[in-house]
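Chain IDs A, B, C and D follow the sequence of writing; residue 1 opens each chain.
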Amino acid sequence: MRIAAGVDVGSTQTKAVVMAENGGKTILARALVDTGANVRKAAENAFLAACHNAEIPATDVGFVVGTGYGRYNISFGNAQLTEISCHARGAHFVCPTTRTVIDMGGQDAKAISVGSDGQVLDFVMNDKCAAGTGRFLANAADVMGIGLDEIGPLSQRSTRPVRIATVCTVFVESDILSYLAQGKKGEDIMAGVHLAIAKRTLSLARRVSIEPDITMTGGVARNLGMVRALEQVLGTKMQVSPDAHFMGAIGAAVFALEKMDQSFESSTWRPEHAAGSGH
Amino acid sequence: MLTFERTFEQCQELIADLSFERVHRWKEQHPGARVIGYFPVYAPVEIIHAAGMLPVGLNGGGDRLDIQYADARFGSFICSIIKTTLEMGLRDHLKVFDGILFSSICDSARNLCFVMKRNFPDLYIDFLHLPHNPSSTASVDFLASEYHRLIKELERIGGKPVTEAGLQQAIALYSCNRQLIRSLYTFRAQKPHLLRAWESYVLIRAGHFMPVEEHNSLLEESLKQLSQRSGKPRDSIRVVVEGAFCEQPPLDLIKLVEDAGCYVVDDDFVIGQSWFVEDVPVGGDPVFALADSYVNRAVYSSVRHDFRAPRWEGLAEKVKRSKANAVLFLIAKFCEPAYFDYVLFKKKLEELSVPHLLLEFEEKQFTFDRVRTEVETFVESLVFD
Amino acid sequence: MRLVAGIDCGSGFTKAVLVAQNGSPGSSILGKGRAKSGINMEDAARTALTAAVEDASVSREQICYVATTGFGRYGVGFRDIQITEITSGARGAIYLFPGSRCVLDIGGQSTRAISMSDSGKVRTFKTNDKCAAGSGMFIVRAAKYLEISIEDVGGLSLQATNPQPISSVCAVLAESEIINHVSAGVSVENILRGIHDSLAERAVGMLKRVGMQGEVTLIGGVALQAGIVKALQEKLGVKVNVPPDCDYVCALGAALLGNKRLAMKESLASMQPVS
Amino acid sequence: MGDAKHTEYRGSIHQRQKELMLKWYERLNEAAETGTPPAISLMISGNCVELLEAFGAVPIYPEVNALQLAIRHQSLEPILAAEEIGYAPDNCAYVKADIGCYLKGITPTGSKLPKPDLVLCNFVGCNTYVKWFEHTAVLTNSKLYVLDVPFLREDNPSQADIDYVVRQLKELVSLLEQITGRQFDYDRFVEAVRCSAQVEDLWSQIKHLARRSPSPFDAYFDAITLMGPLYVYRGTPEGVEFFRAALEEMQAKVAIGQGVYDQEKFRLVIEGPPPYPYFRAFRDMFAKWKACTVASTYSTVGGLWEFGARHDPDHPFEAVALHMLAHNVTNRNYLQRYEQIRRYLEDWNADGLIIHFVKSCRLFSAGQGDMRDYVTKTLGIPTLYIESDLEDPRYFSEAQTRNRVDAFFEALEHSKLTAAV
């Protein structure tokens, strides 16, 4: 049995997945830690925690693929791949019928069109001037003075969402304050915010061709309010796995196993991908 | 005859109607006749009218249209009107049109013309090059030939032959229309407490969607009604609004400016649909007369270049004429022509020590507290001491 | 003694001050109070005012005029007049520092540069562009991400040895920059000072746009952070006044303007019989 | 970067380019100090520099100054200076950098820049340019002439379009005679047009060498270096000599099969101007993947000649008019640019398209989303869309851009592998 791991160093959280290959690929364990101020430490902790959860010594892990924004800093990763490739591969692993991935992370929103074997056919990421990202929601929650995990449920209680014109954080904050001053209900404001991002994400996804099945990945997928808002504007259901926020790490682990499999000869693995390069 | 206030409501509904109901009705009443949209200023409406077609002003989708597709075609840092105009097309709002006319306004608008050509191959979409070098003797001849090119195109797509008589008649009708608009502006400059900016705005914008003959009678009736209006002056400062010649601000924003203590005594909303400072001369070659009027007698704006009569002098003149205390720059987000002109306008106004305030707007805006605070502060800075 | 109240209904907190009617300069603030702003601005205003009344140990009845300012100024039913926080900020600043001709107001949501006449009348002002990571909220978020308390920000920033500038003009991208600095192993001190520097940089740019002159008075919650004041001093090279109660300045300005208004009203009233 | 060394062009032509450009700045400096030769500022794209040659005048190119500043990481200070007097964050940063330099007395090389004897705005599509030159004329109190070139709204210019431009060119001639106090030298004008035709032919041959695999040069990053002399020396023997040398150097590379990289792995077409403040960092992102640009729209700003157009010395005025109207990318309409890109992708045998949206330039960027839609969905070619700016360092986020570039090549590599199987 061959064992490999994927580590996804995100802007706010770092995720690690340990995966085994014998016959089929199976996830042995997952781990999640806050990224915080020390990225390398976070990556190591997540990796070790995952090994611990899998009840195996770290030395049993034959190959580690790093992804996410911190990937160039992971000293122990054998190779690095972008989270775009990893989310596509992860979504394909969890739901092989996936043809479109909508990923909403802390720093970026992405739409990826995925081929039948999980490869990236096309992808787009949020415009500079309209980052409908996880942080946008977090900031909105800040202004409302409520916790990030509350906003989803709150927004679902809404009966008439307010109209939010922009997905520019600076503007939306003053919009929210104005609506508060007008005595609008918190749920209606949050619902408006969710809808605004959903619409923005839809027009992002339209740039690649939206084919079923659509799988949503990334931390924001844990926000049921956001999922429902997206499904509303898409007019269709999405695949949302409980592992949605691990998708990058899962994809990285799958790549790691494939790398160990000698029959897969890709030149993706070249020195400049190795740890620390790119700086 | 319904009350005067109802007229404003009707105009407001007309402007807000993205299904162009009124235009559809005109088409039913005129079987086989064509409708030409224009985007959105300095279009040779006389020529379109003379071809037996209805010219319709296209001014974006305002705050009533959610962008679903256009964002994918025009990315960041592009103004709203570009996106909502394309969106209207992609969402089948423009079915009533047989053609759309673009002209030299800005790079984004020009590119939009050709993007629409690709996306709507069945529509007649054309770009008119308006001269940027009025001091050259060649400019009028060139524009005349450009107008003749347009005439051929309109005849090709089923317009009736454009005759000299037809053109003369159209010129007369539109000169009348512009006279009426000028008297509306004069009235407001003299009695701003009797005619609010948003009211004159909707009266004029309504002309986008109806034959000029009907708009003329609407304006005549309104002017009659106005003369009987009464009201008591408010304690407000007189401002000129400059910068919203293309993309239009939300109506609530225009209202806000006045509620916050300003009389808008002059503005350049869609350049008042005026185009020219004086009537197009009658007699002689009408096409040449139109070209000559654009090159030598057009209303200044940030999308027209005439270095013989700089735009900042035009603004200074406007301030003097309307006895304004200050200038409010109302500039659409990402509107490059307006933002460039702001620098030289500002320079001129500061030489004349005329106070000014810059406000940025977007078609879609639902809360106005930021803007309100700025306008109020501006007013306070002029009234308190 | 009759009193005039100024209430600043900000997005975060509501602040109230009391001054004596026609209070002679120096008498200044008789009492002040604050309350957390909530959905209902009026409640917050009432609570803050009550606190001020207690602080001044006077009675509510002595208050004969109430001027509100700040973003919730219209939400207070018992006001006599409302004034924007820009106008009131300028008045408050000139009252506390007669030498100041510019005010820099760095609040939670926005940054403002104001130039004014020697009477404290606003000449020109500029609010931060939409795409500017220039508000107090931005620092709060950065602190949150860096896992330090907002109180420590100022002090830590002063210990920076090699500040890392934040170049992006968009708040969202600027936050990404911070994250990238962190992943690159830049120290918290250097990141914070970098934030303060770029914030100061932008503020100075705004001051230049409204016309730098005289002393600069810094108001708004962020003024409490030593780091930003130092950064400003360095970049401006002129005296930067920081009032002791920097977050009460707008309320004070409102009270003073209210005082003026009241006096005007009464002199007019006294003239009525004549006419 | 581990292999940044590979991003150095291997050859002598870049060095010769530096010498030529320095010589130009010396002439400008001379003009600033002595008042001769006459200095006339004009726009790079679709210009009539041949007419200047006929008066022995030296061109000032504000765009070149602006991009030089950006490459030298000096653009932010002047941009801020311009914003302080009222320019908006949304105004073109080229303009702001140029105006800022004027306000602050900065020049890219430190040498003096002359006050233009004439601000000549050859309006070829870029509306911003009319504003820019208007502002320059006002601020420097110089004379302004706008040469209005009808935008190419049909496949080819009409006779009316050509007549209009020719009439203005002749007006311009007499204006230049007044301003410079020099006689219009018709023979020298014809000679300049003849030189231009030769330069265009050499440049076009160089462009076509990029159809070979490996390409001897990068048709974006290296082409940009060669573009300087193209603007400044097009109508001169120095220009002809420079481009002949360039062609020979490239041909020699082709002969020994030397490409930009030891092993050319991807062939790209790039649309849009580069992020000059991060020029090197940007190039390295592609070098890392051994991706070579084989054609680019930006390199046709000065003129679009690889499809056969040339100045015709037998009809010099008409030739200049036609060049301004039809043979530069900025005065051609958006759909003609789609067509240009399609031909590049097919005839130059490219794997994908990179669209670089620059905030400053709406002429290039407004509508690139639709362009992406056309290339990916109608042509079925992989396309990467990234956003930053050509002059303003505040709009480039290195981590984000690198991430997107890497993702694009990871996908491209995979599809090439599977296609190979």
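The criterion applied here is as follows: contacts are C-beta pairs under 8 Å (C-beta built on N, C-alpha and C of every residue); 3 or more make two chains touch, one makes a residue touch a chain.
Keep in mind that what you see is a predicted model, and the values were worked out from it rather than measured.
Asker: Count the C-beta contact pairs for C-D and for B-D, then tell me which is higher.
Answerer: B-D
Asker: How big is the gap, in whole Å, between where the Cα atoms of subunit A centre and where those of subunit B centre?
Answerer: That gives a centre separation of 46 Å.
Asker: Between subunit B and subunit D, what's the gap in Å when you average each chain's C-alpha atoms?
Answerer: Once rounded, the distance between the two centres reads 36 Å.
Asker: With chain centres defined as C-alpha means, what is the inter-centre distance between subunit A and subunit C in Å?
Answerer: The answer is 39 Å.
Asker: Which positions in subunit A touch two or more other chains at once?
Answerer: Only 69, 107, 127-129, 174, 177, 181, 207 qualify.
Asker: For subunit C, jot down the residues that touch at least 2 other chains.
Answerer: Residues 71, 110, 130-131, 173, 176, 180.
Asker: Provide the list of subunit B residues touching at least two other chains, using ranges where the numbers run on.
Answerer: Each of 71-72, 75-77, 333, 369-370 in subunit B touches at least two other chains.
Asker: Using the contact definition from the top, classify how the chains connect: line, ring, star, complete or other.
Answerer: Per interface graph, the chains form a complete graph.
Asker: What residues of subunit C sit close enough to touch subunit A in their complex?
Answerer: Subunit C reaches subunit A through residues 11, 39-41, 71-72, 74-75, 109-110, 130-132, 135, 137, 140-141, 145-147, 170-173, 175-176, 179-180, 182-185, 188.
Asker: Going by the contact rule set out above, which residues of subunit A touch subunit D in the complex?
Answerer: 69, 81-85, 107-108, 117, 119-125, 127-128, 207-209, 266-268, 271-272, 277-278
Asker: Show me the residue ranges of subunit B that touch subunit A in the complex, using the header's touch definition.
Answerer: My answer: residues 63, 66-72, 75-77, 362, 364-370.
Asker: Write out the stretch or stretches of subunit C touching subunit B in their complex.
Answerer: The touching residues are 71, 83-87, 110, 119, 121-123, 125, 127, 130, 257, 260.
Asker: State the interface residues of subunit B toward subunit D in the complex, per the touch definition above.
Answerer: Subunit B residues touching subunit D: 71-78, 82, 104-108, 110-112, 114-115, 117-119, 126-127, 129, 131-133, 136-139, 141-142, 145-146, 149, 303, 305, 307, 333-337, 339-344, 346-347.
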